[in-house]
Every structure is written in structure tokens, then in C-alpha cells.
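Pasting a structure here, questions to come.
Labels for the chains are A, B, C, D, E and F, by order of writing; each one numbers its residues from 1.
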Amino acid sequence: MSGRKKGFAAALGVTLAALALPSVAFADVAADLEAKALELDMVWVALATVLVFFMQAGFMFLEIGFSRQKNAGTGVAKIFINLSVVTIAWWAVGYGIAGFGEGNISNFVGTDGFFFHYGQDILGTAVTADTAMLMLFGLAFCAVSLAIVWGTTLERIKFGAYAAFAVVFGALIYPIVAHSVWGGGLLSDVGGKPVMDFAGSSVVHLTGATAALACLLLLGARRGKYGADGKPRAIPGHSMPLVGLGVIILWVGWFGFNGGSTFVTEDAFFGEVMLNTMLAAAAGVIGASILIYLKTKALDVGMSGNGAIAGLVGITAGCGFVEYWAAPIIGLIAGFVVVWGVLAIEKYLDDPIGALSAHGLAGIWGTLAVGIFASPRLILDGAGAGIWYSIFGDQSFSSTIGQFGVQTLAVVATFVVVFILSYVTFAIIKAVMGLRVPESEEIAGLDISSHGMYGYPEAFIPQEEYPVGNYQPMMAGTPVATPEDR
Amino acid sequence: MKKIEAFIRHEAFEPIRAELLEKGFPSVSVLEAKGSGRQKGIVEQYRGSTVQVNIRPKLKLEVVVADEDKDLIVETILRHSRTGEIGDGKIFVIPVEEAIRIRTGERGDEVTQTHAE
Amino acid sequence: MSGRKKGFAAALGVTLAALALPSVAFADVAADLEAKALELDMVWVALATVLVFFMQAGFMFLEIGFSRQKNAGTGVAKIFINLSVVTIAWWAVGYGIAGFGEGNISNFVGTDGFFFHYGQDILGTAVTADTAMLMLFGLAFCAVSLAIVWGTTLERIKFGAYAAFAVVFGALIYPIVAHSVWGGGLLSDVGGKPVMDFAGSSVVHLTGATAALACLLLLGARRGKYGADGKPRAIPGHSMPLVGLGVIILWVGWFGFNGGSTFVTEDAFFGEVMLNTMLAAAAGVIGASILIYLKTKALDVGMSGNGAIAGLVGITAGCGFVEYWAAPIIGLIAGFVVVWGVLAIEKYLDDPIGALSAHGLAGIWGTLAVGIFASPRLILDGAGAGIWYSIFGDQSFSSTIGQFGVQTLAVVATFVVVFILSYVTFAIIKAVMGLRVPESEEIAGLDISSHGMYGYPEAFIPQEEYPVGNYQPMMAGTPVATPEDR
Amino acid sequence: MSGRKKGFAAALGVTLAALALPSVAFADVAADLEAKALELDMVWVALATVLVFFMQAGFMFLEIGFSRQKNAGTGVAKIFINLSVVTIAWWAVGYGIAGFGEGNISNFVGTDGFFFHYGQDILGTAVTADTAMLMLFGLAFCAVSLAIVWGTTLERIKFGAYAAFAVVFGALIYPIVAHSVWGGGLLSDVGGKPVMDFAGSSVVHLTGATAALACLLLLGARRGKYGADGKPRAIPGHSMPLVGLGVIILWVGWFGFNGGSTFVTEDAFFGEVMLNTMLAAAAGVIGASILIYLKTKALDVGMSGNGAIAGLVGITAGCGFVEYWAAPIIGLIAGFVVVWGVLAIEKYLDDPIGALSAHGLAGIWGTLAVGIFASPRLILDGAGAGIWYSIFGDQSFSSTIGQFGVQTLAVVATFVVVFILSYVTFAIIKAVMGLRVPESEEIAGLDISSHGMYGYPEAFIPQEEYPVGNYQPMMAGTPVATPEDR
Amino acid sequence: MKKIEAFIRHEAFEPIRAELLEKGFPSVSVLEAKGSGRQKGIVEQYRGSTVQVNIRPKLKLEVVVADEDKDLIVETILRHSRTGEIGDGKIFVIPVEEAIRIRTGERGDEVTQTHAE
Amino acid sequence: MKKIEAFIRHEAFEPIRAELLEKGFPSVSVLEAKGSGRQKGIVEQYRGSTVQVNIRPKLKLEVVVADEDKDLIVETILRHSRTGEIGDGKIFVIPVEEAIRIRTGERGDEVTQTHAE
């Protein structure tokens, strides 16, 4: 609440006064309209940014819900610290490395824009308020990608690892990938064809899941996950309602994640993106639910939720490139992929929330699906449409298969680069400070061992030990009228 | 005095409590327990894996009464907790040497249940 | 994150270049402004859409909070499946039936727009991105209406019924009602007067509640709800905090539900709508809280929340038609209605969350209240103002009472049509696959019986049976310094 | 969903028709643009309003999470009633007292605008829809300030006190403070210099915390908080996940709280505000986490969350006045302040969620920090920049130190006025109806004693007493294949 | 040896535990129980309907001691758990035939409480 | 008949249950308990203050068997629950006068565990 409103009113006053001078005034109106159009875009991006930041709560509750009670509090602290560290890392270094500006084209990484500040010259353009808005939107994406990393690591990782990796991830790993696709880097022009990843099936989700895999390989499974026979045993998370909260927040947040990736409101194109997003999410739920039911005769709640996420991850690359009919197909297959992936991976790797499948495999599927379904109407300049349009339309196979190849390359390149960087980083963390808590702390739970107190104290501390007994509603309620004592 | 300890199904408790109250035995205690016996455990599903639960929730009822009331209590418990299915539970009778009402410090048979004061 | 930004920048560049040619340029600027105005409307609708979809989380937690622990997980899966199925049903069929386009006027149902796709010709107009945005907004409303249906059915319904009914509801039942009022159907012109239901007290809420009643009649009460004496007994839900979460999410989402129903930002009229919404919700809480306190000497938490919802449902029809002073009156009475309704209905019907009262009775009240309080300043073309303005203003009684009649007709028609269609649908479901789980599954809880696992596993599975014991914080915390052992 | 869309389409039609008459049309386009610009502002404010109302859920869960299970339900009812009462109070009286209109300048309180209604003449300007939007935004702020008040009072206050104080706070206390700084009142011009409090570190947060202190002094500590030795003992709240939910909702809501305080979208300035907000929140988490870890060797989850809130409160005054580099500094120090404050205050006063520190001390720090860091580029007309710019820049010390004095005065004046008004109000409440529940009710918990039922019934009511036993999954799951019975 | 079983109010536990520790009896166990007796149940409100709760939460304290220590334990429990209001609870004494310390395998009176080793 | 009551660590339960089942003693009960003994409590941190927890979670195992089986049960429990660290717990043996299988009403030694029927 400031005095800035005056400035605005004054500006409008000037506009009106200028009406006396048509030609001058006309240029003013056109310029004003341009200014307002930019503001409208930024309002849209601001809305999207808020939604994407809210997704942090989605990851928080997905992870907490899938953990046991003794590890519920650490998930809260993790999100706080992680989001905070990555914010500072992005502001100081990461945004510069990601280098979204025009001038960065063809570079391996961005070279300017560190310690982001107002008026800063980034390759010839001065930072203004709308630059800040876009930079914040980029941070929200980076934070989502980072949040995905920890899905495989629940219930046994050392807390310090969160902060340490967040620095490297926010300053380097994610920015390198983002630059390569969205910042005019190597993947934005592969022999003339750009990788098409509208909102980041590969850039954000596969990146996060790949780092998650690297960490898991160094960390190992939770105690008790595999029986003496080597078979996986279920370690049920403690709260499906919290899982539900997480999934719905992610789902809703994804409207910002995908819709906001239009950056502009031009032609209300975000409407198409959002409808595609919804259709794929719905189909993802349906696909995953059907498959898990067929496999186990039980409609697993968490798998249903994973299906929603897989559908969303799957459509993330294509949400701005495919027609509506393709979205449910992409989502349905993503729903199958996540169930199949969880069941297959579970045999060897302990991924408590299914991040490898929901973000990794579905991210790969989504990136490739663009090469299958991208509509000629919507593709980027220079890109080829999806293979489908060679089969059922008039696109040349050389163009569509070429694009499919580019999409495949994006997947492979992202996986290899992120895996190497992440593995090295986690290996260093492991060597320097250790990656896994001692067995006694794993048994006791991370809450009490890392944070000094349980996330649900009353589930663990006997009521008798509370400063005030909690259990004696002596005067509460109306006494029952029982037969007179004898 | 005897303590009657019975492991029963949850749904049997209320009718037992109500009938005991009516018959002049308002004083009973109950604890959450879990047990195994002839009744088998169950296998539950979660994300495609399974977890095997070998023990089932039961209630442990404890009633202390004078020796002569024992049979009446046992009978009442039996009547309400028998379904004929496995998992109905067991009753055990244990000797009690002394009983004291904390509120008054009184001792003996009379304090086990509430008598006229 | 796409290349579309370039397109936008280019478009603006053209605009500026055109300044040299005033008259051409002028037409361009006017057209650009019109385009931007539409985009602004769509940004507003997009915000509203996101808020309305978020309401699904509101229903999720309202229902879960009012259920027992053993039925907490199924509420999560229910929302996932339900929202997904209705999405596909709406996209394929429902939107077409709802037929909001001009060309559908006077039809019983819409006849075009099935399998919604870009460029599709819907009665002469081609589908563009903004059509998609509005179609998605319509879906969000349909999903809200469907979510209301299940309020009466908790803790005993077969899971399959959710999916089966969602198909019929999303493809037919809701679209028929929506078309009749908002699509130019029969209720949009009753002898020259349109039904006034701004955001759906009747179309959305009464519809949902009526289907809920139909289902309840076929389903029966929960085991143990009525004692041997036929008197209702309380079956307390397991978590008031989750109820609170649900209510607040619904409350906040309602700003999108009502505010977004303006569709356009013209004159910032949504500001009036939102303020009315807030005033009524507040008064609803106050009304319900006072009445339940007077009746039971206890300020029931859930009833307070029901009051908020009733206030919101009550103002939903009138939010764009009444003055601010009327909103708290409508809300207060809605608050009374919901408490009175719950207490009265409870005697005969087992409605665990009070949906019949909060959405049904309050929806009826809200629709009628428009006939009492609609301001001459705000009414639709051809409609009569509220009766109030005949008593205290200059409106003719014939006009206001006529309008009240139309509002009453809307209530009756909606109830009858929806009840018949829903009852038949549920009866078929019951005949084909059964509507209610067996008694043993009801006792065990729907989570374990329908989903294979509890929603809160640690509340049911003994800690000793976990792969790793959860209970031994042996090394955690500092040992107490006790007197030396003797 | 109304017929208003027609109006809009018609308006645009007129615009286009007018193209034939360039000069007339030109004025039309300019006027239309101005109208659209206002609508865009109001869409922005509407988004911000929704976010700020959502913060009520943040306070709800922060408080519930920090309470014991037996007091979990009352926190829900509290938010409902409190928000409702303050809504009516603000509408009827508060908004008028706050008097944001121009005509109120230099008055002690606003004098017009009571029982807010459409067309109402407020000092010469008629109320329109956009006035309603701004009035609603103001209400959301008032409701936040009120929510802060109760942080110190958990687990022992009489429920009636919430409603009683809400009337006075919403009608008088908050409006007086808001008027003085934002309504052209005494603090908006102190010897020519305005207090700079962009979004309310002092106006909203210090005000709430000061009332919280007043209440606490009259209420006393929870039973058992202080041992026989006078030392504080921990009374752990029951759910860190709910605390996490609360903090994240507040964090996200704060983008609306600070960003919306621009009121206009001009130059997308909100982008700067939002980035500052994020940077400070992140630094707040880092500061608080480091300090609590150093002090106790445990990374307290709640303190981490308090750090986020302190960072946010700290930047609230300065978010529109400081450069990006200053935001993390302000946040970091706020993070230190909150930990230090909680540990220091805990020794004497029982503040279960740390409101005195997170909102009070951090609010003071934030208000003063403007006097240190305010950038010459961004300050209000007539204001002095921060002292920093005298040390490292070209600002005169007389100006910057003068401004620091004004900021200090704002803190002192706010504290004194609010403390006196609140203390008197609470003293009257105490005298008339009592402020604290009897000891037996405190032991039993407020849920059962004030609301007739526990917030978590199954944590207190034995399963055996439920109408239907909850514990017998007899047929659920597959029976284990055990060795044959012998 | 005797096992002293006492049904007490929650708030009585800590003082009892503390005094027993001081007197040289650090070893006690406690279980959550619910019971009825002279103390009546309560009726609770929910959405205008009621639920009747007939049993009240209690603690069950269990202490095994040598015969000669029994009276001291009973006395300590009585002192701290008596409020004079109904619901104070009962103490029962039950014979124990054998006691074994798991850690060492030792048996007999001495293992019931921690003695010098 | 004897009732063997053992206070043990949670992790000892499953191996004990499994071995007893194998040896022909499928019927056991278990209750959540808390206790103190030689094992010390812990101090926990919360927002800079502390809370002292003096009792630790334990399981109370209860098995009723015929007199002659007692030693076998005790031995099995000892084998699986001894870690050698303090906190391992205790075993107590208590006389039982009567045992009744609720499902059938049978009484006597044979009902304590499931025998061929």
C-alpha cells in the first residue's frame, strides 16, 4: 500500500490531456497500450508464479504423506531450507547461468546476470521490473525441479545434504539444462531443429528425477525395505489424506506451471495449454487406476495420485504443441507408464514416492510424445511436427522423424549431463559430510534425531509426560445418567 | 478375589459392559491389545507391494470380583463374545490377594465393585 | 516456456511501425485493444478456473474430515477418479449438451461441440483458445456440482459408483440443467422473464444436492447411525482441522466461483460480486454459530463451517444481482437454514456432512432470495427486481412477484428433473453392480476393503508389524540425568 | 454466469463502429484503454485479495499445529468466527474509520463510508465496483492483522473473547492505525516526511502483535508452562506437518499481500516487490535455522518456519522501497531476530507460536530497516532514503536520519496506541465475561469444553464406544498363509 | 513377589513415579486403559446429535516387588492418587511366582527392582 | 497354568512370535506399555525449550500356557529379547487358575494354545 497509485493516476491524466493533440496523443495511446499489454502479460506470469511456488506445498505433503510418522516433520523443514537455499543460489548465480536473454544464444551457459539487480545490464538490456517477474518465475521452476530430487531419499538422508546439493543444483545443474533448451543453448538448435519442451517434461522433471536416481544409487534402500529373500516389502506412508492434499495442490499448481509458460497472454493461448493439461491429468489418473487395479485387485490411493502427476508430467512438454485429442492419449499412457515403472523399479530400488517413474519415465515419455503428436499448427519455427501427422496427415516423414530424433537426443543429453553432475556432487557430499544417517537414527526417525522433536509429538511422547496431562476431560460433557450406584 | 481377564472382539465390549452394569458390576477395565491365535493374520496391499500383519486387534477386559461372583462374570462374557468364528478369544482367571479402593482406602471383597456406602 | 513470445513482440513491433500511417494504425490500435480486452477477460477467467478447481481439495477435506479414520483414504481416491472421469465426459459430450453458444437458444439441449477441438465449428463459430478457456471454466463448475453429490454417501458406498455416475452426470445431467438456465434453454426465458442464477445456487448446488438425495434414498444410513430406538446417534468425523482446511479452501475458491461468473472484467464488476460473496459467507458463519449454540449450548465446529458454506451457496445466485446490504441478510438466513436443516434431516436421513442442507436447502433459499432482493440496478434484461423493491421501492408487485415465481419454478424444475434422472441412474447402478459395500467391509472401513490399505496405516497396523520397528528412539535426545541406579 | 457478457460485447461493438469517425473514436479508444487499465489493476488486486484471504488458512494451521490435539478444533472455529465478525465490522464501520479517500487527509480518523454501499458518496466520490474491490482488499489486511492477535492466547482463552475483540479491532483499532499511515492520517506526514510502510510491517504486523501482547498480559501462561523453578518447559504442538502447511500458505499468500499493495500494475512494479519478498523469506529461513541450530544443536522445524514468517514480516515495509541486495539482508536479520526473540521472551511470557517475535519484533525491524535501506530510486515523495545511502551514497545524513526517526516514531506510535486500546478492550472483556477458561476446561481441552466434541474424536473417544466398532477388518485383506493349526 | 496393579488418573503417575524412584523403586510399567466404575460416563455433542461415552481413560500401573516392599508401594500410590473424588481408581495385589531380568538372565526378588550389581 | 508376562523391546516381538508359532504356541497377546527401570529417559528439544520424557515405550507380551511349557516360553523370550543393553526388560510368571476358550466354551490346559480339535 503505497503512494504509487498517484503516479499511475497522473499518467492517465496526461494521456487524457493529450487528446487535444491527436497525432501526438495517438502515439501515446499506442505506447500506453503496449505498456498495458506487457503489464497484462506480467500479471499472468505473476499468477503463474504464485501457483508454481504453491507447488512446494504439493511436494511437501506428497513426501510427508508417503513417509512414516516418525519422519513427518523433517519433510517440512526440508522444503523450507531447500526453497530458501535455491532462492539465494538462483539469484546470485543460477539465473545468470540459465541466461534466457537473446545475447546468450549458442553459448554453453549464460554469462551475465549474476547477483541480479535493478538496472543491471544483461547482454545489452537493462533489468526492469518485468525482468524481475520473469526471473522469479524461472526460480519457481528451478525450485520445482529441485523438490523432485528428494523423492527417492526420504526417511534416511542426512539433513545437511539438502542444503549442500541445493546450492549446486540451483546455481549450476538446473541452469545448464534450462539454458540449453530455453536459453538458446545447444539443444535449442540441433541441426536447425529446436527441442520442443513447452514447460519442461525434460528440462524440469527428467532433470529432477535423474538427480534423484544419482542420489539413490549412493544412498541405498531404507532399512527393512527388502526382506531376507530380496523381495521388496511395503513400507506404508502414514497419511493418504496428506498425499491427496499434495497431489491436488500440484495439479492446481500445474495450471500455472504449464499455462504460465506461454509468458504472454497473446490470443489467450494459455486456454489451450490449460485444457490440454487438465485432459492429460484426468487420463493419467484413469490409466494408472485401471492398471494398478488389474495388477493387484486393489485401487491403490497413492497410485491414483501418481497417475495424476504422471499425466501432468507427460503433457508438460506437449501442452502448447498438441491438439486436445492427443492430450488424453498422452496422459493415459503416462498413467500406465508410472504404474509399470513403480512396480518394475521397486524390485531393485527403493523410491518411496515413485519419483523415478512419475517424473523420470513420464518426463521421458512426455518429451518423446511431442515428437509423435506435435501439431503442425503449433510447432516452433523450424521444428518438425509429430510422426502421427506423417501417418495420418501431410507431413514428410523425414521432418517428423528428424524431430523425434531431436526429442530423443534431448532426453539422452539431459539424462547424461544431469546424472554425471549430480552423481559427482552427491559423491563429494558423501565423502565430506556423509549422505545417510546412522542406523540408530533411521530407526528412531529423522524428526527426533535431526530436529530434536517428533513431527507428531503426541504420537510418541506419552501423555503422562506432558507438562499438563492431556487426558482428563473431567468436567467436559454432560455426565451420563446411569442407574444409581449400588 | 479373582481377576477375570478376557481377550475379546471390540464389538463384544459394549453389551458385556451394559449387562454387567445392570447386574451390579459397574467396575471393569479394558485395554487395547493385539494377539494371535488360531485366527490368521492378513496381507495388505500398498503400491503393488504387500505387508503382512500377523496380529489382530483385540480388547483385554479385566474385572476383579469376589470369588463367588466369578462364574457369573465368566458366563456374561461368554454369552456376548461368542460368535463361533475363530478369533473369539479366551478367558483367564487369576488369583487376587488384595483390593484397595483408592478414594477411601477401604480394602477387601467389597471394594471390587461399588456397593452401597 | 516457448518461442511464442517472439510472436508477441513482433506483433507489437508492427503496431509501432504502423504509427506512421495514422488511420490504418488507428484501426490497428483499436483492434489490438479489443484483443487485449479479451485476453484480460480470459486471464480473469483463468484465475477463476484455477480457484474453482482448487475447490476439489475443499470437498476432499470436508468429506475426509467428517469421515472416520478408516474411511479417510477413499475420499482422496474418490476425488481423483471423479474429477478425471467428469473431465473426459465433459470434453467428449457434456460441453456439447450444455451448449452455451448463441445458436443453441431455445433448445432443450445443446446439439454441437462434442469431442471439443480447436477450430471446431460450434453453431457457426470456430473454437479458439478463449473458447477453450471458457469450456474449462464450465468443466470446473460441473466438477463442483458432482463433488456435492457424494456428501450423503460417505463411509458405505461402493467405489465403482463414483465413476459410473460421473459419466452420466458430466455428460448429461449437469449439462441439461446448465443449458436450461445459462445456455439459452427453457429456463432462460419463462414467459419473457429469465431465471436469475448468477453463479449457480440452483444450477450447481441444488443440482448436486438433489442427486445426493436420490443416491441416499437408495443407499440407506450408515450402520449404527440410528439406535434401536430409531434416534440418530452422532458418528463423529475424525478431524476438525481437515474440515477447517476444506471449508477455507471452498471459501477462497468461491471468489473464483462467483467472481469468475462475470466472465468479463468490464467495470471491474467482479469487485461487487466478491464483496457480496464475502459478506454472505461471514453472515452464514454467524447465523449458524448462533443457532447451533442456542440449540445445544456448544459451538459445533463443523456447523460453523457448514454456515460458511451455506452463506456462500445462498449468495451464489444473487451475488451479481443484489446490493451489499442484502448479502449479509441472505447469508444469515442461509446460516439458520443449514442448522435447522441438518437437525431436521438428521432425524430421518444420514447425511454425514450436511450436503442436503448446505447445498440443497441453502441453494433453494439462494435462488428464491434473488426474487426477494434483486436490485433494479443489476437485474438481467427482462427480469423483475426483488419483492423488497415493491415494498420499499417503486417496482410493481406484478413484476417482482412474477420474478419470484420464475425463481420458484427454477427450483422446482431443477429438483424434479435432476431427481428423476439421478434416481434412475443410481437405480441402474444398484441393479447392475450394487451401490453399497457389504456390511463386513463397512465395518472394516472402505480404505482397507476397497483400496487394500488404510488411509492412516499406523493407526491400524501395529508398530511391531512394520518392516522396521518405529518406536525405539534409543539414541535420540539426551539421556536424562537420573539419580544413580541403586 | 450472467448476461453481462452481452453488455461487454456490445460495448466493443460500439468501439468498432466508431472507427468511421477517427477523432471521436480516438477519444473513445483512449477512454476504453483507461477503463481497461483500471480493470487490469483491479484484476491484480482481486488476485492479491484472494491470496491474502487464503492466509487465514495459514494462520489456522500454524496455530493448530502448535497446539495440542485437545485444542485442535477450536482453532478452526476461531478462524471462522473471527473472519466473519471482522468482515461485518469492517463493512459497517471499519472501512469508514480507515478512510483511505483523499478527502480524509490530515484527519485523525476517516469520517465517511460507513455501511459501505454502491453509489455511496465518500467525501465527494461515488462508490463503484472498483471501490468495492479495494475495500475488500483492505478487509483482507485487517483480517490478517486480527489473526495475528491470537497467536499468544492459544489453549486457554475463552471462545467469546474472539468475537468481542474482533468487533473492536475491526471497527476501530486497526482502522485507526491504517488511517494514520495509509489514509492520509497523522503518520503520513511527519514534518513533511511520510512514514514508509509499503505493505504493513508496522500497520498490520506490529499492530497484531501488540494486541497479542496486551491480551497475553491479562491472560497469563498456560498451565504447566513454567516449572516450580520458574523455568519454561516445552509444550510441543501436535503437528509439524500442519505448521508446515500454515507457513507455506502464508508464504505464498504474501505474494498477494506485498505484491497487491502496489494497487496498480504500472510498469509491472509488482515484479520487484515479489522478488524482494521471496529473497527476504528465504534469508529469514536461513537466518533462523542457523541460529537455532547453533543454540540447541537441533534444527527446530517450527523455528525454521518462524524464520520464513519473520523474513516476510521484515520485508513487508520495505518490499517496494529497497533494492534486491537489501532484501536478503533484511530477511536474514529478521531470522536472527525471531529466534533470539522467542528464546528471550519464552523466559517470561508464554507465546505458543512466537507471534510476539515473528510479527512484533520482526515488524519493528522491518519498519526501521526501511530507514536504513530505502533506495533513493523508490522512496515516496518527500521521504528520505535509507541511512545506507548516506554512508555509501550521496544522500545527506540529515535527510536519511530524519527518515529513520520518522520510521522509529511510527513504531513507537503504533505500539503505544494499539497497546492502550487493546489493553483496555481486553480488560473490559475480562471484567464482563472473563478472558480465560476455568482450569478444568483448560486440562480437558478447549475442543470438548467449548465445542462439545474433540477436534480429533478418535484420539480421545475409545473405539469401543463408537456406534460401530472401527477396529475389526475381519474380511479385509487376504488371510496370511500360516502353518496349519495344530 | 507381588505385582501391584493400580488403575489411576493420568495426573497421578508422575508424582508416583518420582517418589518410587527416590525410594529405590525405579522399575515400573504403565499402560493406557479405560474403565468404568462409580464414575459416570459423559455425553458429547456433535452436529446436534450426541454420543455417549461410558468408559473413561485411566492409567494402569504395574509394579512387581518383593513381598516385603508391597506395603510401601501401595502406600505411595495411595498418597498421590487420592483426590477424594469418584474415579480415583483401585489397587489390586497379585501373586508373582518368578521374575527374570532379560538382560542378565538373573532371577528372583532382587531383579524386580534395580539393585547394586 | 501360568501366565508369562514380559516387558520387551518392540523389535524383539516378531522373532519371538514366529518361533513360538513354529514350536506350537501360536496364541500370544501383546499390549503397548511404557516403563522405566535402569534405562534412563531422554530430554527432547522444542523451540529452544526442553521436555523430559522419563518412560520409554515397551511391549508387554502375555502368554498363557500349561505349567510344563512355561520354561520353553521363557527361554524363547529370553533368546530373542536379550541385547545386553539396559532396557531389555523383565519376565514375570503368574499363576492362572482357569482358562476358557470363548468360541467353544472348553476349559483347561488344552485351550491355552491351539491343539488338534
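Operating definition for what follows: contacts are C-beta pairs under 8 Å (C-beta built on N, C-alpha and C of every residue); 3 or more make two chains touch, one makes a residue touch a chain.
Just so you know, these numbers come straight off a predicted model, no measurement behind them.
*Asks:* Count the touching C-beta pairs: is A-B or D-E ahead?
*Replies:* A-B
*Asks:* Between chain D and chain F, what distance separates the C-alpha centroids? Give it in angstrom.
*Replies:* Centre separation, chain D to chain F: 53 Å.
*Asks:* How many Å are there between the centre of chain A and the centre of chain F, using C-alpha atoms for each centre?
*Replies:* So the centre of chain A lies 48 Å away from the centre of chain F.
*Asks:* I need the residues of chain A touching at least two other chains; which ones are they?
*Replies:* Touching at least two other chains: 22, 26, 29, 33, 36, 40, 43, 47, 233-236, 245, 296-298, 300, 448, 451-454, 457, 460-462, 464-467, 469-474, 476-477, 482, 485.
*Asks:* I need the residues of chain B touching at least two other chains; which ones are they?
*Replies:* Residue numbers touching two or more other chains: 14, 21, 26, 30-32, 34, 38, 44-46, 51-55, 57, 87, 94-95, 114.
*Asks:* For the protein chains shown, what form does their contact graph take: line, ring, star, complete or other?
*Replies:* complete
*Asks:* Using the touch definition up top, name the residues of chain E that touch chain D in the complex.
*Replies:* 34, 44-46, 51-55, 57
*Asks:* Report the residues of chain B in contact with chain A in the complex, numbered from low to high.
*Replies:* Interface residues on the chain B side: 21-22, 24, 26, 44-51, 114-116.
*Asks:* Residues of chain A touching chain D in their complex?
*Replies:* Interface residues on the chain A side: 1-8, 11-12, 15-16, 19, 22, 25-26, 29, 32-33, 35-36, 38-40, 42-43, 46-47, 49-50, 53-54, 56-57, 60-61, 64, 72-77, 79-81, 83-85, 87-88, 91, 115-118, 128-136, 139, 159, 242, 245, 447, 450-458, 461, 466-477.
*Asks:* Under the stated contact criterion, what part of chain D meets chain A in this complex?
*Replies:* It is residues 22-23, 26-27, 29-30, 33-34, 36-37, 40-41, 43-44, 47, 51, 68-70, 141, 182, 194, 197-200, 203, 222-225, 227, 233-241, 243-245, 247-249, 251-252, 255-256, 259, 261-272, 274-275, 278-279, 281-286, 289, 296-301, 304-305, 307-308, 320, 323-325, 328, 377, 380-381, 438, 440-445, 448-449, 452, 459-460 of chain D that touch chain A.
*Asks:* In the complex of these two chains, what residues of chain F are touching chain B?
*Replies:* 1, 3, 14, 17, 21, 26-32, 64, 94-103, 105, 111-112, 114
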